[in-house]
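Encoded as structure tokens, here's the structure I'll be asking about.
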Amino acid sequence: MEELYCGLIKIGVMGSAGGEMDAEITERCREMGRTIAREGCAILTGGCPGLPHAAVLGCKEEGGITIGVSPALSIQEHVGRYGSPTDNIDVMIFTGSGLMGREIIGVRSCDIVLIVGGRSGTLGEFAIAYDEGRMIGVLTGTDGVADHIHEILDIIKKPTGSRMFFDDDPVRLVQRCVASFKADPPVILEREARG
Amino acid sequence: MEELYCGLIKIGVMGSAGGEMDAEITERCREMGRTIAREGCAILTGGCPGLPHAAVLGCKEEGGITIGVSPALSIQEHVGRYGSPTDNIDVMIFTGSGLMGREIIGVRSCDIVLIVGGRSGTLGEFAIAYDEGRMIGVLTGTDGVADHIHEILDIIKKPTGSRMFFDDDPVRLVQRCVASFKADPPVILEREARG
Amino acid sequence: MEELYCGLIKIGVMGSAGGEMDAEITERCREMGRTIAREGCAILTGGCPGLPHAAVLGCKEEGGITIGVSPALSIQEHVGRYGSPTDNIDVMIFTGSGLMGREIIGVRSCDIVLIVGGRSGTLGEFAIAYDEGRMIGVLTGTDGVADHIHEILDIIKKPTGSRMFFDDDPVRLVQRCVASFKADPPVILEREARG
Amino acid sequence: MEELYCGLIKIGVMGSAGGEMDAEITERCREMGRTIAREGCAILTGGCPGLPHAAVLGCKEEGGITIGVSPALSIQEHVGRYGSPTDNIDVMIFTGSGLMGREIIGVRSCDIVLIVGGRSGTLGEFAIAYDEGRMIGVLTGTDGVADHIHEILDIIKKPTGSRMFFDDDPVRLVQRCVASFKADPPVILEREARG
């Protein structure tokens, strides 16, 4: 039998690391993190502040495992150069390839990518996940990239096999994604030249 | 005096590598390539087929220097795994990091990034270029990502200092970008955690 | 106070993934893995077979957390293209940058890098760890790179601040490294151009 | 017919970027650069100072094309953070992945890798080139890594198909490598898990 995933199911939470943070959206991210833990999955973020870190805190409240994929090459650079948090991250991966360079490692390492709010960094993560045909969940009602995925898909007009879920409820979104993933884990393989 | 650029000005042409190719758009890409050469600049693409390769052919017609940033780790993989062209590329950089992984190297290596048409791969390149505050030119009237940049910018709502030019004329677009770059080359530095 | 590390202390085990495996050396690697878990640390490997996987099995026996940094971009490629194991790895990071490309992420993510046996892949990992001034432990009496580090250091003749430990006992080696790391965690920062 | 290489043959010059520079060795590097140009090839370095830059200067004297693969993500970071030269480099590739991170892109992009002197950075480049089975030329009598390759090979004990040339004469070394490459270009493909 072919291996379909290994170890913990890793769920990425990609979204605004800066800018204003709405209290209600922040709380939904935190609930998303709690649900990830309750489902027995690990959370993965860019090791950044903002909405993803709210989800990390929620995950940790419920005893989940938390992974950060840092732009920095060391903890000192993570803190000193990027002003990024170190609390509540169990496993920090240091890429040393910068904010946009580390996105590829983060997305590829996720079984499921969740989009919350988001600006140009998140747009890049969505583009990678979608182009590689990965499973994507969108927390709607969080503004930014998350609330405009349909328009972006209309622009892209490229079917890649990416399975997508939309929900404004963080618990339901995580549960639907995890159930679909377990029932039928996507097969992700590099394809031929695309644009 | 601070160094503002070095060697040749490198102009990226990022756009659809697959899908149907409209003859008129293809010809405008080719003209874009010719203009890049006439301006004394080098062209950089993902070493892929499609619209970017049309621009490579135009650049070569006028004796320009052409650079490809390949997803493959060798010429054999470039051809055998990715079905990508090798003709008319003077300098092929082999990243071995896959289609979406090589995008970061390609974008960072460009002084100016031009967007033509484009789907999810191009969206990723736009996101990197925009987020890092790089200079971007958009060839309008080429469909896909290029014709919806304004909507995408409205979604992103994040000023990054990226200087943008829009034109449906490939000659004018290249000339405007190059003139602006020479007059005032952007300063690109890694910033703090963003989303 | 400056952050000195975060989350779990991650200990890399870098060594021969292929070639003949000596039973006594394999058992010492396994004991090394057990010790990593008993010390409350996580193990990190290239997600490969061979000596590093023996250490993963030991770590798991004692309930430790195990991390793999894969050359592949997905689990399917990890198994199908690289013939690499998926059992007993809790957190698999997918780089998609190939066998030698993924080494940089693996090494940078380790607080301590342990060298066991090893051939050209391990030599690359040693070079990265040493050049970046990271803490290195060498399990002596395991042949290959591990048993010739002193000669290699004589060739390199470049002090980088890398703190090094040598021991033929896996328990003592891990304990000495962890104690030194906790007492005085190295500060790792990118330096100026070197060779 | 399968493509065996494309565009210019790219010859990497990897060696000490810092430390004391012996005048006679520096001159031999420069002559190596001149020969690369006379053979109609391009030179590729890490965009760093030191011995590789001496070769760049020689290549440029003879009108050759020069490529740098920078650790920085922009020219400003290349100069300001890495203190690296920008003169005489025609095509600068910006990786933004740091000194050891950029090595993989540099080595993979070379048809032939030449080793001169060298310390831990060069050792990393040698390890990548050798492990991936690439063609390597060693300028003997330049101290450091270059003068101890045989011992390193004895330690590694892993045949990878890497074709190696040793010569203390820079002209002859380049000519021998280029002739062998043209007569029988190596086929470079990713292999299964190794160590």
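As written, the chains take the letters A, B, C and D, and residue 1 is the first residue of each chain.
Everything below uses one rule, namely that a contact is a pair of C-beta atoms (placed from the backbone, for glycine too) under 8 Å apart; a residue touches a chain by one contact, two chains touch by 3 or more.
Computed from a prediction, not measured in an experiment: that's the story for all the values here.
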{"item": "Centroid-based (C-alpha) most distant chain relative to chain A", "value": "D"}
{"item": "Classification of the chain A:chain B interface as same or different, half of numbers criterion", "value": "same"}
{"item": "Between chain D and chain A, distance of the C-alpha-averaged centres to the nearest whole Å", "value": "38"}
{"item": "Approximate Å spacing (C-alpha centroids) for the pair chain C, chain D", "value": "27"}
{"item": "Chain A: positions in contact with at least two other chains", "value": "73, 95-98, 101, 104, 132, 190"}
{"item": "For the chain C and chain A complex, residues of the former touching the latter", "value": "2-8, 10, 42, 65-67, 69, 73-80, 86-87, 89-96, 104-105, 108-109, 132, 187-190"}
{"item": "Residues of chain A that touch chain B when the two form their complex", "value": "15-19, 46, 48-52, 71, 81-84, 97-101, 103-104, 117-124, 127-128, 130-132, 144-145, 148, 151-152, 155-158, 160, 190-195"}
{"item": "Residues of chain A that touch chain D when the two form their complex", "value": "73, 95-98, 101"}
